[in-house]
Every structure is written in C-alpha cells, then in structure tokens.
Amino acid sequence: MSDIVDFLPTLLQGALITLQITLGAAVLGLVCAFASGLAAVSGNRLARAVSRVYVEFIRGTSALVQLFWLFFALPLVGIRFEAMAAGIIALGLNIGAYGSEVVRGAIRAVPRSQVEATIALNMSGYQRMRRVILPQAVVGMLPPFGNLLIELLKGTSLVSLITIADLTFRAQILRASTGETATIFLLVLGLYFVMAYASTLGMRALERRAAASIGQRELKVDRSKVIAGTVVS
Amino acid sequence: MTWDWEFVAEILPELLRGLVVTVQATLVGAILALTLGLVFALLRRSQLAAVRVPTAVFVEFVRSTPLLVQLYFLFFVLPSWGVLLSGFQAGVIGLGVHYATYTSEVYRAGIEGVPRGQWEAATALNLPRSRVWRSVILPQAIPRVLPALGNYVIAMFKETPLLSAITVAEMLAVARDIGASTFRYLEPITLVGMLFLVLSLVAAVPLRRLERRVGH
Amino acid sequence: MAIDNSPEVASRPQPSAGDMVRFEKVVKQYGDNVVLRELDFRVAPGERITLIGPSGSGKTTILRLLMTLETCDGGRIDVDGESLTHMSRGGREVPADEKHIRQVRKKIGMVFQQFNLFPNMKVLRNVAEAPMHVLGMPRAEAETNARRLLDMVGLAAKTDAYPSQLSGGQQQRVAIARACAMQPKILLLDEVTSALDPELVAEVLNVLRDIAASTDITMLCVTHEMKFARDVSDRVLMFDQGQIIEQAPPDKLFSDPDHERTRSFLRAVLEER
C-alpha cells in the first residue's frame, strides 16, 4: 500500500502533462476539424480538394508514424519541433482529420428543408450557415466528438515514445527503477480510466445543454452512426 | 539534407520484411478481435447479471485506456505472474483484446438493428435459442456491420507500430533502427508512412464496395 | 375581419401588362420526366389564385420555381416587372446570378407544408431573425413587429417557446407570421394544411382568410381545401400534366367546370371528404 503513496505524486505529475497535451491537441484538432469540415461542404472545388487530401492522408497513415515523422524526420529538412510541440501538433492534426468527417457529416445531416426555409427568407449563404445550419449541426456533432476526445486522451500515451514525461512515460520509468510492475500499471490504467470517465460525464452535460438549445430534454443519439469511423491511428 | 533515392532502394527490402511482420500481427490480431468481440457482445446480453456486469466493466475499462499501456501490462507484468509472452504474442493479444472491445459495440449495434419482429417470429415457431441465433439473428446482424468491422481491421493495421515499443520488429521499428544507425530518418519514416497510406487506401476499396452493397 | 365573398371579387382586373407574376414558356424536367412544358401563365397584382390538380401535375413545381428553390430548364419568369431568371449584362440578357436573384426574391415569401421552422430558435426569434439580418431592421423594431404578427396569428402567448413544444397548427401559424414579417408582395402557400391533423386545419385557414381580407398581397395557393379555395380565390387553375387545362373564378369552376378532366378530379376529391 505504501508503494501507491510513493508512486502517486510522480504519476499525478505525469497525468497533468497528459491533460495538457490532450487540451492542446483538442483545441488544435477542433480548429482543424471545422476548417476542413466547412471546406469539405463549401462550393469551392479547391477547398473541397484540400480538405479531402488532408483527411485521407491523415486517416490513411498511422498516428505514431505521423508523430515520429514530425519529431525525427522533419528536423532533417530544417524544421525542428521540441517534443511537447511535436506531440500536440501531431495529435491535433490527427484528431482534426477525424473531426473533419464528423463536422462534414453533421452539416450534411441538417434537413434540406431548413435550407429551403432560409432561401424563402432570402438569407445569404453566410447567414444561412451561421444562424440556422451550424447551430443545428453542432448539436449532432457532440456525441462523436465525445468519442474522439477519449481517443485523443488514449492517443497521448504515444508521446511517451518521444520522451515526453506523460503518465505512460512515468510508468515505464517507475517500472524500470522499482520492478513493481503490477501495481504501477494498474494504477496508471486506473488514472486513465478516471480521466476518460470524467471526460464522458463532461460531454454528457454538454449534450444536455445542446439538446436544450433546440428545445429538447435529451439528445437522441443514433448509436450506429457514432461507431463508424471514430478510431484514431 | 535532401531525399536520397539510392538510399531508398537500399532500405526498401528491410522495410518490406518489417511489413510482413506488420501484416502478420494485423491478421492474427484481427481474428482475435473479430471472434472475441462477438463473444463480448453476446455475454453482455446475458440474463445473468454475474456474467453481464463484469463483461461490461471489463469492456469499458479496456476501451477507455490506452493500448500502449495495455501492451506494457501484458509484456512486463504477466512475467511476474508466471506468464511469459514474446513481444509478438503480447502484441497480438493486446491488439486483439483492445479491438475486441470496439468490435463488440459494432456487433451490438448490428444485433439491436435486427427488427423485433424477427425475434417474435422465432418464438412463435418455437425455435431453440441457439438456432434462433445461428439461423435468424446473426445472419441478419453481421452482414450489415461488415463495413464497420472492416474499418476497425484497417485501424488495427495502422496501430501495429505500437508493438515496436515491446520489441516487435514491425515496419516502424525497422525504420527507427535504420534511422538510429545511419542518422537518416527522413527516408525510412516517410516510406513507412507511404506504405501505410497506400495499403490502407487499397484495403479501403473492397470496403467501400461492401458498404454500398450493404446499403449505407 | 369580413371575408370578401362579394360579386366584386369575380370581376377583379384580368392579367395585364402590369403583371405581378409572369411565366413565359417555362420548361422544367427531372431527368426524363418533363413536368412543365412551355407553360404560360400570369397573375395580376393583388390577385388570389389557387392551383389544383393531381399530384405530379406541376403545381408545386411552379411555386418552387418562383421561390427559386429550383431552376427552370427553359423559358423565363418575371416578377413585378423584373426578370427572376435573367438579367442584363453589357446590353445582353444572360441567366441571372445569385446577387440578382436575391434582389428579386425579396418580394416573394413562402409557407411550406412541413412548416420548416428553425428548431434552434424560439418562436419570437424565428419570426424576427430574417427581418433583422436580411432587411437590416434594428432588433427592437424587428421584435416589436414579430410580436404584432404573432398576436395577429393568435400566438402572442408563445413567443418564448421552441417549435418542438408547439402543435402542428401552431407551428404553421408561426411559419405564416415568419413569412409575412419579410413584407413580401407575393405569398406562396404550398399545401400548408396537408400535414396537419384535421382539427388543426381550421385555425390555419382562418389566419389565411384574415390575411386575404385585410391586405392586398398576391397569393398563390396549392391546396386540397376546396371551401377555402372558394372563399378566398379570384381564380382557380386546374393543372394536369404540366398544363393549365382550365381556369375560372371559383364559383364557375367548382359548380360547372367545362373540362371532363376537371369534373372527374373534383368528383374524386370531394368524394373523399
């Protein structure tokens, strides 16, 4: 039992790093997801093509490969990132590609009749997107975003392989120095689980608020849509 | 430092050997994930709480925690409990069990998507439980979710580089070794990325066709 | 509000040079299916016309073309003296661009069969949103105007509700207020009561009767509600396979149609009531 007390401080510090990276990558990912998702539904052919290339490229390659490439390969052509930055950028771009498909799908899921109503009221394209389509689309984005957030949280463990002192890294260090493998790894798994659960609760609260913004009490989630295509790496 | 095509030609055979390991790991892991996932899905529908609840807890726990840490657990912790696994064995078990938790959700959605009326008809015909599953439910549940299952197999393929952390000589591990000994990381890692990209895109083609046939 | 059934209705001015709506040789097809073949028809300012006919005859297509929800494959459409489908550029006539279309579209409003209210906005905002952002009305003025319109349709008490909390009849009345808030010259009504439970139909039709009686807005209705058509219309047009096969004031068309197709259609529709 005293082992746990010894391990906890350093593991919690690692957890803090994990959360920082998760947050940073989540923000970057959100920006990329919206930029790419909106480009994918726009009338501009070039924008649609750029978005498609971004999404297919990222989703077609492995997250760890992308991370290593950013950290090991890029310096050789002159672009050097320090570890934290490389981690956040790689994970952010990665999750942004998956998020882009969520944004695109949610916008296209808004019924065509809403578009027709905005045409009948002579709204401009910008007004239509900003005031009617996006607010409704965002409501449908929340459940898949919740899943992606958990994938991102798990994905941050990869940064331990480029020597960032996150939760997984510290677990390895402790293992090497104390040999108390079972306790350490069970603790670490437990800490990740707690963070994931907290994130799920947070997302559910957000979903309830979103449901309220369209006058419903609970969001109706189509489970089958939530499953397909929400895996990182 | 610029791109060196001669170097690429030199290292390609080695990388392709790594690819073989990658593909092997993916196939074994996929078989495990696809069968175990179905088992999990069925167990979670059990009438006995003693079966249902621990399964659900286990599945949620594995699904919410990183695969990398689970791989470390299998590779480093099990030996102290007397179970010695090689890197490859720990790798495919870790991959398979982790992805079984995803596929179990897919199977669950497929099973729940079978219309109620099918169950009722089976009851009306007094079919035994196992027959209902074998002849009525699963044949309707599984085809519809094959695309989603296929997507997860491709996802597993792309997660195999994690196995490099437990000494498996798959593609990325080979690339890193080349980089470490020649100090040229650009070509090996880029090549690995390209190989993943090409293979995933190629694997996606039959999957898209399957999606359309199944009516997505 | 008195309903204007007087004989004067039947002698309103016939379509003339100052047409509010003019369709000239309009063609519309979906794939191989030609819905409108070189259709010509006109509507005078302030006129109330009802379009009846079997489904697929093209009546809804006419409304959708006018509201620019579809584009026509041939011919031209003019609204209040301006072309909806074409514009002049460098002395020549070319197909209209989005900017031009928006300019002309200002005069047209539409109420849909499925109401199409914005679920992410409360009732008041649904009505005030477009006047604020499209007409540039200041918020206070737009909201006052919206409240007035909602009061007119009998929903003053529901300004703070979300559409999902209202009945179908209430939602449709909000939709009518929303369309009127844009002060259109032409109001298009596309089967606005067909999606409602029977007991909710009357409240919506009464609102439309009020509007017909108290304003001189031009109205084009597609409906199966024959009594309503009779009360409100100056002219009823019977469509079949993309052509107008008969048009007349309601008293004439409903009681003594000339065309056999019109007779059989009316028989079938009146029988199911």
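General remarks:
By letter and in written order, the chains are A, B and C; residue numbering begins at 1 in each of them.
Please note the rule applied: a residue touches a chain if its C-beta (ideal position, glycine included) is under 8 Å from a C-beta of that chain, and two chains touch if they have at least 3 such contacts.
For clarity, every value in this text was computed on a predicted model and none was experimentally measured.
Both chain B and chain C are touched by A.
With centres defined by CA atoms alone, the chain at the far end from chain C is B. Looking at which two chains touch through the most C-beta pairs, you get A-B.
Here A is the chain whose Cα centre lies closest to the centre of all protein Cα atoms. Centre-to-centre separation of chain B and chain C, using mean CA positions: 56 Å. Chain A and chain B, compared by their mean Cα positions, are separated by 20 Å. For this pair, chain A with chain C, the centres built from the Cα atoms lie 47 Å apart.
Across the assembly, chain C contributes no residue that touches 2 or more other chains. Considering their complex, residues 1-2, 61, 64-70, 72-73, 76-77, 80-81, 102, 105-106, 109, 112-113, 147-148, 151-152, 155, 158-162, 164-165, 172, 175-176, 179, 184-186, 189-190, 192-193, 196-197, 200-201 of chain B touch chain A. Interface residues of chain A, counted against chain C in their complex, comprise 113-114, 116-117, 119-124, 127, 131-132, 135-136, 139, 213-216.
Listing the residues of chain A that touch chain B in their complex gives 56-57, 59-66, 68-69, 72-73, 76-77, 150, 154-158, 160-161, 168, 171-172, 175, 181-182, 185-186, 188-189, 192-193, 196-197, 223-224, 227-229, 231, 233. Partner chain A is touched in their complex by these residues of chain C: 67-69, 102, 105-106, 108-110, 112, 114, 116-120, 122, 129-130, 133-134, 161-165, 178-179, 182.
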